[in-house]
Amino acid sequence: MRKTIGLGLAALAFSAGAALAQQKSVTIAVSIPAATHGWTGGVVYHAEETAKLLEKGYPGLKVIVKTSPNGAAQANALEDLMTQKVDALVVLPFNSDELTNSVREVKKRGTFVTVVDRGLKDASIQDVYVAGNNPEFGRVSGKYFADTLKTGNVVVLRGIPTVIDEERVSNFEKALEGSGVKVVDKQYANWNRDDAFRVMQDFLQKHPKIDAVWASDDDMALGVMEAVRQAKRDDIKFVLGGAGMKDMVKRVMDGDKMIPANVSYPPAMVATAMGITAAHFYSNAPMRGTYVLNAQLITKDNAKDHYFPNSPF
Amino acid sequence: MPSAPELGPASAVPVLRADHVSRSFGPIEVLADVSFALNAGEVHAVIGENGAGKSTLMRILSGHLAPSRGGLVLDGASVTLAGPVDAERRGIVLIHQEILLADDLTIAQNLFLGREVRRGGLVDDAAMRRRAAQVLAELGSVLPPDTRVRRLSIAERQFVQIARALLVPHRVVIFDEPTAVLTPVESERLFAVIRRLRASGAAVLYISHRLPEVKAIADRITVLRDGRLVAARAMDGLEPIDMARLMVGRDMSKLYPEIPPAPAGDPVLSVDGARVPGFVDDVSFTLRRGEILGFGGLVGAGRTELFEGVMGLRPFSGTVTVEGRRTRFRDAAEAFRAGLAYVTEDRKGRGLLLGQNLRTNLTLAALKRFTRGSAIQVGAEERALDAAIRDFDIRARRPDLLASQLSGGNQQKLLLAKMMLLEPRIVVIDEPTRGVDIGTKEQIYRFIAGLAAKGCAVVVISSEMPELIGLCHRVIVMRNGRVAGEVSGSRMSEDAIVFLATGVHEDEAARIAAGEATTGEAAQGAGHA
Amino acid sequence: MTDTALPARASRRLPAIDLKALSPFIALAALILLGALVSDRFLTVDNLVNVATRSAFIAIIAVGATFVIASGGLDLSVGSMAALVAGVMIFVMNAVGSPGPTTPGILTALSGLVGPSPAGALLAGIVVAIALSLLCGLANGLTVTYGRIEPFIVTLGTMGIFRALIVWLAAGGTISMRSSELREVYRPIYFGSVAGVPIPILVFLAVAAVAAVILYKTAFGRHIVALGSNEDVARYSGVPIDRVRILAYVIQGLCVGIAVLVYVPRLGSATPTTGLLWELQAITAVVIGGTALKGGTGRVWGTVIGAVILELVANIMVLSSLVSEYLVGAVQGAIIIVAMLVQRSLQRRT
């Protein structure tokens, strides 16, 4: 994760000299979901921190960060942003279907468009795409189970029924193929702690032997752990969450047996996207293309690289 | 209004006939072996006390209820009605006592609600407006079809309801106590409509408590008592008092009780310069211990609003003095504490919780008397209910009934019992006998007289003039939110009250309402019991 | 007025079995039968105890909702309110337990007063949680009553306000109990038991029992039902309708507060998704329990059963392997509708 921030800062340092001479004025608008879940809270935190950093580094740069509570509100927010003079838009869309047209309108005005995490339906709209890698997230998680567990029963807690969740879970299962690890049950728990507690309680009733749990998200992992603790079941060897919540990364760092690892899906990807976008205006080389941030396995060895004590997430 | 020549029975075969009809609810038989016939071109009145089986019979004839035994014969052929819609399809329409209209729709929209005229998938508003205007004109009304029902008076709404019923082809028209909420002038206009229906050859079934108007409008009567048919005869020579005797089964010559002479004590309630914005303007009066003071006037004259204002139920200005103390009530509870009680005219909307049982209703206003600490003493409530059922002669099949399952007269008695639990010294009773049968009426009159004899001060608000005259020491008549005058003693007459209430004399009013052609009959129709 | 009276019938006080009040219990029994058929793990004590314990929050909140709905009102803000109260409670416990430089002065003072012991922090948290929930309920009640605004709109508004406040307080993240010592002291409130009965179950039974007494045996309860049946009749009968209405919302607030006291020790944290859609679950529990949404009736015990039924349906879905996880929502919805149909057909028979 430090690498991703590093990418932004490197671009910043590289172009600063050239920019100073030109004294131009650039406005970048950032449209992201409001902080309604831990992960999006992290996105907001990183976007705001990066905005301060970039404005300090690039003279004449103005960054407007705008959060929206749902897809329709985000479409409205985009329209509002466009009434101001905006040179570039960094957008983390709520969902691709709803917002593709809104972003297309923005693009038509000649605005530079950077899309983060969730790709648009029409890839030709975006100049830069910074993508989290959901299939990779599932694959890395699955591989961890296959490697450490080798054989045994696993239960899976899914998120909210979305493409993201589907990509993660199907690739998780694909990664288990050929190993002795078997998914004995999976249910939706909506990336929500309380729902995860409830589903896990029922899993524990239903399955007399569970070797490990893929909670697929750190919020859900916390609910799962309470249920396991209450049931006093010692057959469960570990719980794997995901997304790199600071509390969980800390436990990995501290060597907690139940939480031996985590898989990153960094909310800081928005910082990368903002850095690349700023670099487009202040460096000589125009930025184009797709940047995929791979999901990384976080273990005790590299945990401190992923630990941000000041982030709310 | 052009008057059609009176038609006799159009044919030998009755349009609709009930053949030995019985109906039971559980073990209780509410209608037993009733046979009668409706002829075309004839107004047939069914009378009886509450609970006599009138409404059951009416519901069977209009398809709302199936008979337990016996059957219906339509045009000489036996028929089974599948429901009210089926009945309507066969030309039997019922005009409900309750106003069943959508307040926010226009008259035309209401008339065609559920049977909109369509053209190419869309509603044809223009056609419906035209047809509505035509139907209203046929009924002798000049209401614009685009008026929203919310803005109509009760009487006007009833006309809309009648118009709606008559929009479908009809051969049998059933009126269920249609004049309960109408003033005499408005009733007279309704009778004109009924006469036109009769002239057009429809068979009209008319259900009412008001015997003088039954005499005025009906050609034939059937009397029910306790679910049985006790008399069926032509109207000729029958007087209201005879009908009452048939209904009740005993002599009804003394409907009104002996009222003790007017007392001359200090006033217990004086109201000075009362104003209720939009309804009452500068009304003053005083009320003495043991006095029965009537308030007459047309519906909408501001009588109800005046007393709701006094009770703290409406915005009110003016001075109120109770037993020598100047006071102002912010809500009903304060008025109750000062010894006042108000029995509303709207017992279903404001008087009783229809979905609750009798006990809950009875003790609601005086609940404090039934709590110890903060717990309700159900035993004490039950005893109070037993006492109320006995003292007020509330006829409930079971005491765990809901208020909505009582007949109108028994609801009224329950409401009276409820307010009397407050042990008030000043009692305001608004329309004490609206929609109740003659037997209950007599009971309520005697109850009111008893209250006054015990020293209560009583206000009776009524639109029935015989009631005011028979019951009150004096009558204040209101018109348009102001006091139009006061009558007492020998000057109390229906004509004097109508004159004060409308500004014209009674026979003149009836002539205006009914049109010149029916003058003589109309004056008699609104006439004296 | 007695001379026309018919002789009073002798057998007037026949006690009739009230199928209406019984029907939620019958639906519950049917559901338990279904559960036993689809999974052999269903009828274990552990499982049933788990389900009953989990249903505690919704049951307690729904008992409050029974008052509001019986009075003819509606409160959509309870889920957000629960999240806010939980967040503030944890915040206060953290601050009082170990005041830091950023701790607001008043909480530092409070910390000095009760001492930094876990018990002191817990006490401060409980007092603040109950006070805040009462205030939230009062705000709803006052706005509905004196603003003369539809309760649907008012509580939709406060739902947004409470939710935004917790998001702001958590800065989009999580508010967690920091002191593990405090966690261990508090944890038994959810996970502990007295004589084998988990504490949350005892709490919701106690709340329901008190609520039943208030609703059925006091003048206030009678006034609630009168107000919900017909506001005009209540007013004309001298019922202090403004006070009654406000108190209904305050009781709802208090119930949310009590639910939070039981909720917080379970996971020791509040997030922006805490209590999401609890308002719908509470309202569903109330309706399944036989209280009409239009007001005028209140069935406290039915409500409690309704909450358990909701939780049971979810439990059966997870325990059975018959339904793909994609279709769980559909089957859950269908079971609830069927349960209601069974109930209504029983009620019509009376």
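As written, the chain order gives the labels A, B and C, with residue 1 at the start of each chain.
Just so we're on the same page, contacts are C-beta pairs under 8 Å (C-beta built on N, C-alpha and C of every residue); 3 or more make two chains touch, one makes a residue touch a chain.
Note that the coordinates shown come from a computational prediction; the quantities given were computed from them, not determined experimentally.
If you draw each protein chain as a dot and join the dots that touch, you get a simple line with two loose ends. Among the chains in view, C has its Cα centre nearest the centre of the complete protein Cα set. With centres defined as mean CA coordinates, chain C is found 45 Å away from chain B. With each centre defined as the average position of its C-alpha atoms, the distance from chain A to chain C rounds to 35 Å.
For the pair chain A and chain B, the distance between C-alpha centroids works out to 72 Å.
Those residues of chain C in touch with two or more other chains do not exist in this structure. Those residues of chain C whose C-beta lies close enough to touch chain B in the complex are 1-2, 4-6, 8-9, 12-14, 16, 217-220, 222-223, 225-226, 229-230, 232-240, 296-297. Those residues of chain C that touch chain A in the complex are listed here as 39, 41, 44, 46-47, 50, 54, 167, 170-174, 176, 191, 266-267, 269, 271-274, 276, 314-315, 318-319, 321, 325-326, 328.
Those residues of chain B whose C-beta lies close enough to touch chain C in the complex are 313, 331-333, 335-336, 342, 344, 346, 349-356, 360, 364-365, 367-368, 371, 374-376, 389-393, 395, 397-400, 418, 439, 443, 446-447. Of all residues in chain A, those touching chain C in their complex are 34-38, 40-42, 44-45, 158, 161, 185-188, 190-194, 197-199, 201-203, 205-206, 219, 222-223, 226, 230, 245, 247, 311-313.
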